[in-house]
């Protein structure tokens, strides 16, 4: 259950829109289902009051939308940022991807967003409605009713939340949090401890589920390239649909490498994956390696920091030493 | 679609011996875009090049693949050929089927198969080549000579003579190098000092030449025509501009027990010293390791006696930055250490010496004032044994010596033997040799005179062991012609130690990115045709840093290096490398990652207006590359997340085409 | 019937200034190494995009090796330092996915190290050959 | 510190002093030598013939036994040291030979893993001369001692790696550590004649004489060696100054000589 | 060179692992040999004669039994030819022939004395007997 209620945000949005500070609002809106909350641009008070949503399903990170929206907008854009979203926000600023002057960022507290798949695991298929309150109330078409604690069905990324601190905003609603001790690398370490055959089997079974819908890429705040290499016939890796297992690996390895050192670990890729592939485990592997090889680095923690792959020291670890001390 | 011609070179039997060149030409004919293929004994010869030119015209070729030696060898040649035939020179690709195929693989089927694959990769690349035009860069009209021995001196004088400014950097306090330590020179027996010191004076007096003595090069940046060099002038604690070289300080300094390296530590000097009377610059230097004033602040005698007020105990190392158009390496040689050859008892007896030490012992300015006396007891040696090839011509598995012939030892030993017999006819002189190598003008005649006129005993055989026995040295050796094992009681044994490049050469090569062989000799751009140029453009080689050489050869090479430098400095502009990075503005995110990794600062960002498909305009931040500054490493191309940055001549598409061709 | 001996396919990316020259030196000195090794010349090891490495594997390479100037000796002063980071991360990732570690390598070979070049290629080819065909990272369609 | 110890046949018989004093001294110097169980002769001499395998197996067993105990191997007889070390080198550098050897061996393969110290190297590299000085209770001040290396300790240097093969100092340094004066003389690394005594005693006498004469001329009171055959040859050829094992003098300096006299 | 000579030469090269072609004829091995005076053929001659296939005289020479195996020639050879290994190979070729043992057990008692260390006998057997 979120600490702040929708009305606070609606009030904020309407007042900023009406006093002319911003010309539009990036917010959440209900989709086809109660749990299917999607990003939307609001330009009128009426629209906001009628359709603006803020509940336990508002996982979407708006940072990425600023790249395109700021180009077209005549005035400032109001954006609501959860603490994790602010890291992406900063990373995009570091990469000069949007004009800070055109954004009015409001930091909002977040108690963690829920994972509909975990709810489904409890309720089964056929969810007809979901209400977010003290508890999450789920009704199914089979006339069953479930009362679920939000804390029991958090998204993976929220379970292992790395920071409640907002690293960027113009205005903060609620209390400021802090950087947390996170166990987010535990899964990676578990995989590392497996034998190569076990790892291969794990990834083969996970990645073979990929239907190459590109949702991970499209949602990723680090994937804002003017033209994606996967859409560029000259890049050597262009492909639209998975032709076979290998290309899936290729796609995900290259994507992970492209965002290595830039990925803030916002977890959007795994959240949106319709096949539930734990894609964050690829990104976290790079983050873990970077931390271990080159010292702790959190992308987006500050604007203008030099990404680990655009940096070096003369005493860096040799590729041959990467495996030292890591058993076979 | 390209129209590609494939030209397979036999390189005599170098390629044709292990590669079926006809089969290669045939196979490549079937590759996409190939409209012509031929093979020829020597593609790099005029006839071979004519063949290429004719084919370009006859078949309207738009691209050329030459299957031949390394592109490091002849890429430039074939690019010129293409240009002469009216083709853009960058439409040429080389498949290296010699160094990386025929020379490293043994049988014909293997060699042929690989050569075809390498050829296919080159064809695949040329299919994607586009004509490139190089940019231009200015030339700094000043040369740097590193090393002030006879090689550096001659090179500097010749460059200055052509009207260009030259700086010499010498790590010792004086120029002159090894030649300044020698007594006489073969085969004419001129006194080394008599012919060298006038040249040193010429250098000192030449307005175009600056000498940085007691200095070292610490950093080299830039490229041909535009080198930025940092020179460290080591603190000598004497103000060069004030010191008159009167020598008063060197006589009064109370610290007398400083090993005199100029005399190979066979005598001592003072803590403040001028290496020898004719030193250039004739300026005193303080040895900080021994000077009491510098070590514990007590003394100051030199400062008191210096009328010119030149002593400055507070002097610090000074770093000078200078721009040069060309750099000449003249770092020279040293005899190898005799530590690993103690069968000759060098570390067990003072009377076993090296040939360079012998030079000092016979030099009028040496520790014995030119009298040949034994280091142990100062007695005149009655029997001297010279041992040749100590540490030279060793097997590669032998960890003690060098594989090469040191070249100068046969002649200087003949000189030493002859001069000894000339000055001291009562002295018995024996030379143990394996072969006497005298391929030089008047060299063999010189050696024969030593034997026939001066009565030097030449014995074919090696010394196995030198046994110090009281005052004597028992030399146990083979006489292979008599079939005897000899035991000679000698008073002095002189070892012709192999020579090796100076230890400063390797770090310097690293700074210059110039290549070296396994012995640390600098490699030439071509062993026969470009012997005084390094493969790194703008870096030239003079003297023994490139290989063992005697004085006439060194001077000849020094002059040759100078002429190459003059040829470079005479140009106002150099055409650059067109293989530079280029950003596709439509794809550029403006993220600045490339800017961060570029080692040359060649990338800048600008806001640019774009017309969008909906006819609106958009201002976006995009990267742009300065082609004159970009050196073409390609680091930015990989750093770029969107793939907007590419490298001309090594485009991603081209490399991928090569990968595909190889993996097909 | 004779079974054809398995020959690995190895792609070696060599920087123009050091390693390609080192390979030439190996040739000059007639130092043998397996013909399975095919060299692609790049200006600097930092020109090698991880996608090239993956592309090679996709097209059926059994091993990919990158050779560059020794750290500190880069012709372009710092290119190989970036290579070192990129490849350390890439290789670690491939290992994480269960791909054999021995299929990828970075080796620093100077222009003077012809012997090291040949020795490296012999060793690498031997190790890759011991692993057998690259089953895990190949694209079966592209294999003929 | 514990080491596997291989004394060899001669030390169990004609050269007991070399063995006993070595053990006593090691104890004083804080090193435990654990004699390998059921050892066999090292082979006596290392044949350079590549096709001889069987004669080298006993050395391999010694090396394997040390490896099993995860200890470095210490030898004291120069001849044994040379044989064992050359065998180990051959296994490390000649794959074909290693393959043949391992076909004879039960259990695990041996690939030259064992580290071998000669007793002198043990003192120099593990114990250190400072420790020897510290433990010296009876410095041999004024004694002029000539070290006799012979061939086997030093050559071939590419294998033995003990010291400069032409100008060694390992024994001299030890002599100085126990307070005596080291006499350096030119024939200290020349051959004594070795086993050729059985074939040509005159040749052996000649070689041994040259050595002892040279040491005497240099003013030595006593010659020390680590090889029973060297000692035998020198004595047999009529050496006028005493020839003793280096371990005996060391024991004297460390004050443990009397204890070992049987 | 006849086939039998060639075979013997190859055999010696195989046993010794030495390449006599590396020799540059400097004679340092012979210069350094402590048993020079007792030898009929000297180390450099062993190298040269094996290289040229002239091996019969070596097989019959007493020189085979004079080599002290002191490795001085091996140590000092600048070309890594290692003459002592060739001498050993020829000696083995000689004593491996039926009935050609240089030393037999019956010879031993006469050679023994009180102090002789075992290693002398073992070594001599290894060197002179197959």
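Letters A, B, C, D and E name the chains as they come in the text, with residue numbers starting at 1 for each one.
Definition applied: a contact is a pair of C-beta atoms (placed from the backbone, for glycine too) under 8 Å apart; a residue touches a chain by one contact, two chains touch by 3 or more.
This structure is a prediction, so every number in the text was calculated from the model and none was measured.
Separation of subunit A from subunit D in touch steps, taking the shortest path, is 2. If you take subunit A and subunit E together, the chains in touch with both are B. Of all chains, the one whose Cα centroid sits at the greatest distance from that of subunit B is A. Chain centres were defined as the mean of their Cα atoms; on that basis the chain farthest from subunit E turns out to be A. Simply put, of B-E and A-C, more C-beta pairs touch at A-C. The distance from the centre of subunit C to the centre of subunit D, with each centre set as the mean of the Cα atoms, comes to 48 Å. Separating the CA-averaged centres of subunit B and subunit C is a span of 30 Å. Annotation for subunit A: residues touching 2 or more other chains are 229, 235-236, 309-311.
Looking at subunit E, residues 37, 72, 75 sit in touch with two or more other chains.
In subunit D, no residue touches at least two other chains. In this structure, the chains touch in the following pairs: A-B, A-C, B-C, B-D, B-E, D-E. Residues 22, 24-33, 36-37, 42, 44, 72, 75-81 of subunit E are the ones touching subunit B in the complex.
Considering their complex, residues 14-17, 34-35, 37-38, 65-66, 68-72, 74-75, 82, 84-85, 88-89, 92, 102-103, 111, 113, 115-128 of subunit E touch subunit D.
Across the complex, subunit D meets subunit E through its residues 8-10, 13-15, 41, 43-45, 47-52, 55, 77, 79, 94, 151, 154-157, 165, 190-191, 193-200, 203, 206-207, 228-229, 232, 235-236. Contact residues on subunit A toward subunit C in their complex (touch as defined above): 188, 191-192, 196-204, 229, 235-237, 243-244, 246-247, 249-250, 253-254, 256-257, 260, 282, 285-286, 289-290, 293-294, 308-314, 316-320, 322-323, 328. Residues 586-593, 596-597, 605, 618, 621, 639, 641-644, 652-653, 656 of subunit B are the ones touching subunit A in the complex.
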